[in-house]
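This report concerns only the one structure given below.
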Amino acid sequence: MRVAFLGDIVGRAGRKAVTEQLPGLRRQLDLDFVVVNGENAAGGFGITESICRDLFAAGVDAVSGGNHSWDQREALSFIEREPRLLRPVNYPAGTPGRGAAVFEARRGRKILLINVMGRLFMDPLDDPFAAVERELSRHTLGATADFILVDVHAEASSEKMAMSHVLDGRVSLVVGTHTHVPTADAMILEGGTAYQTDAGMCGDYDSVIGVQKAGSILRFTKKLPTERMQPADGPATLCGVFVETDDRTGLARRIEPLRVGGKLKQALPEIALAAE
Amino acid sequence: MRVAFLGDIVGRAGRKAVTEQLPGLRRQLDLDFVVVNGENAAGGFGITESICRDLFAAGVDAVSGGNHSWDQREALSFIEREPRLLRPVNYPAGTPGRGAAVFEARRGRKILLINVMGRLFMDPLDDPFAAVERELSRHTLGATADFILVDVHAEASSEKMAMSHVLDGRVSLVVGTHTHVPTADAMILEGGTAYQTDAGMCGDYDSVIGVQKAGSILRFTKKLPTERMQPADGPATLCGVFVETDDRTGLARRIEPLRVGGKLKQALPEIALAAE
Amino acid sequence: MRVAFLGDIVGRAGRKAVTEQLPGLRRQLDLDFVVVNGENAAGGFGITESICRDLFAAGVDAVSGGNHSWDQREALSFIEREPRLLRPVNYPAGTPGRGAAVFEARRGRKILLINVMGRLFMDPLDDPFAAVERELSRHTLGATADFILVDVHAEASSEKMAMSHVLDGRVSLVVGTHTHVPTADAMILEGGTAYQTDAGMCGDYDSVIGVQKAGSILRFTKKLPTERMQPADGPATLCGVFVETDDRTGLARRIEPLRVGGKLKQALPEIALAAE
Amino acid sequence: MRVAFLGDIVGRAGRKAVTEQLPGLRRQLDLDFVVVNGENAAGGFGITESICRDLFAAGVDAVSGGNHSWDQREALSFIEREPRLLRPVNYPAGTPGRGAAVFEARRGRKILLINVMGRLFMDPLDDPFAAVERELSRHTLGATADFILVDVHAEASSEKMAMSHVLDGRVSLVVGTHTHVPTADAMILEGGTAYQTDAGMCGDYDSVIGVQKAGSILRFTKKLPTERMQPADGPATLCGVFVETDDRTGLARRIEPLRVGGKLKQALPEIALAAE
């Protein structure tokens, strides 16, 4: 099975990169399923129903979130009628929406998507390790699910790596989000799980994590209140990972970084390069 | 001028990668100067005089530090007699050692090395932005210094990116350390400064940021005290960046990632590949 | 029912204050039950079986804990055979010991003790609000329990006050620990629950939260590693609260601060003053 | 010399307590100077010029601030023309306003007021210990200043206590603010400096640190965004400390808590009680 995961979409520039590039990528990489993290899609803060719809129209199959999931208040209600939009699974009981869901991919395959938030240097939600275990107790990779994808929205590299080893051999992909910078550590762990510490953002990298430079710098150097941060609007890089699994086991055969457009060094799997 | 910077060396495995690979890299890349971050070189915690000496013997020219600089208490005294070992410049006045120094590289070139620590999600030291400005007020790139390298030891990607833009055009390289994961965002900023959010560690990536998996996982899942963390001792990846500057301006002509050995996907500048 | 709660006992000085003063206080205040927080009883770090035994011998009925509960590793095992020693209830499932327990007080009365840890500015445990609700779902004040005492071990005054209002009318006393400074806000909330933001420590107040001044100051000003903190050993103040409840409802009729010995201004309920 | 310091004024209820009670207190306590912390005076968030003027009209001589100093943007400009309004002294160089100032009190006495912010669990400003030393290097208690008052706006009790011992014998009063809860540890340190960990807020204590209960509780339990916090508007308690110094040395002869009105147990120095 072939799955692409794209990191935090930041503002209009990030959305443009996804909607313009994704159709081509789906074809070139012969993708079965595409997940994006959408927590910063609306001007850097949260996501709206209309933006969600645009992403689905461009070929996105499911959208995960993070600490910014609720920045647009309408998300609290439309998440209840939009099963393809997830929020971290370890929000308290009673939180609108869901943090894990099974989707049907091409050719009837089942993919379980789990979105979970770390706690180190972040607002303390429920135990992310226990929360993921709870979801996994209902599914078995290679049996009830053909692919299991865990989006760990977290600040600390240690928490993401610890999560990956805890899940190694039981899920197809553990991929991090939230730092807005792609890491160069795509690998397959001992047990067969694909891993990358951070997928990177889909956004303009001539910025401070997607935000216009001047305002962000002022906060660091002057410690004074500033106007609301505006997303940088130069050409964005679409960032993410491509994973191919063994259909029998659901474990990873390969993981490769995706970086298309914008300032970052470009990266595409060989399969795509060959196709062109 | 050609300079390599290698990220946090973690334990014996990390030291081995550096001492074994560096001599070859110096030759292949025709390096003028080599800096490593050594804050985790001694069993994951700090650095000793004897380890420092081994690194110099292997071709390292200067060693920077971070929040772990003082884990080995002997560092508090030997840093006073070892000018090639730095610690973050924004420790309070009166702290042993120095946080910035000018070194003579090959062919009489001058390189200014500044080691600074971020404050977001870290122990609050003095203002890192003001501290770097203070050092830069005494030097001018392309005039009194041929290369200026700033090691930003910080947790948050935003703080590192903000620092890079503040310094853009005035230093040769801003490179981050501390997360122990290499990022895939090597780039040359608008003003000509080379940048990568994190150099990555020189250590065993089959681990949790260089530490053995079991102990680290227990801390996250059980929240109970554990034995002191031990560094993972499998084959390490040497991680860092290679930068080439324009001799006239001191600004970057190119920056490329270095990843040699161990689990991570290998990366070497074309110049090195050609040389082989 | 008459209950006394004493805050974090710090080191030998704090233990001495408790063992010397408590027998007299029990008599003067005609106490039915005494709880102390013991997380710093052993040299400032954790608690041992032998210290626990001394506290029980001096008239303590139950001991609660906090983020330092496990500093002495023996606590991980002896807590399993000592039902009178609690640790925060919101540690992950599988943690040794218990975080809530019903005790029999004088004259057959039942007291439910819940020890819970806050998350703001602390290591993130499970949701403290949900954890307390779970315990309360098994007990009803005035019916199955004559007194319900919640020790909220937390840094932030906001989290403690929020907890008190959530529990108001359903428990007898919400009292904070951890800051090691007694607050002057003892009050009975609208619903009848007694509250004080922090009980204060039982320790030497000529110190930095019970620790010797010089070492603590160095950490703040020099940012260098120091020797292990030693508890201050001057005359300690026993600090806590005295609560009297209505036997019919289990709600509070009065709450008064206790401050006996040492540097702080002394405070005793009038009942005790009259008795002398 | 007789000085009163009142803690964080929260919203309209807190302002009312101060403007109604202060004139009487000035008379009863025969006060030479009155300082209030005003960082939450404007609806809980910052302070305006018109509120400042009302406080001065009620008998306030100087106003200090904290992390909320700039919540009302107009403060960034009017602080430049209002010398009686301070902000923490350890904001970066170039910040509007001042963090320390000498005022003339009754009978020509000079009082130096220093407002400084802690860094533990707070936004990291410059080193508070170094910043206060810088101010003290220009003044000598008992010589160039008759009274030196340091308002330590900080979260952690440890940082406040460490500051007090560092300054002991060199200033008249170290008093904490920010937690919005008065502590019961008013004392005179070994060297003659008066100290209280927190002055407490001037606000409605039937709240969560001055804020309406429902909204604050939701943030803790639901982890969802809420409307902007509104200050609680029930009867407020004026909270602070009264300090009397030896005119010859400037050191403290006594420190006593002030708690007037509202829910908290009332406290007034005996001098005031005698006067009535």
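For the reader, a short list of remarks on this structure follows.
Each chain carries a letter (A, B, C and D) given by its place in the written order, and its residues are counted from 1.
As a working rule, a residue touches a chain if its C-beta (ideal position, glycine included) is under 8 Å from a C-beta of that chain, and two chains touch if they have at least 3 such contacts.
Note that this is a predicted model, so its numbers are computed, not measured.
Path length between subunit B and subunit C in the touching-chain graph (shortest route): 1. Centroids of subunit A and subunit D (each the mean of its C-alpha atoms) stand 46 Å apart. Mean C-alpha positions place subunit C and subunit D at a centre distance of 29 Å.
Residue positions 92, 127, 130, 221 of subunit B each touch two or more of the other chains.
Because contacts link each chain to all the remaining chains, their graph is best described as complete.
Residues 92-93, 119-120, 124, 126-127, 130 of subunit B are the ones touching subunit D in the complex.
Subunit A makes touch with subunit B in their complex at residues 121, 127, 129-130, 155-159, 161-163, 165-166, 179-187, 189-190, 197-198, 200, 205-209, 211, 213, 216-217, 220-221, 257, 259, 263-265, 267. Against subunit B, the residues of subunit C that register as touching in their complex are 70-71, 73, 76, 91-92, 94-95, 123, 125, 221-225.
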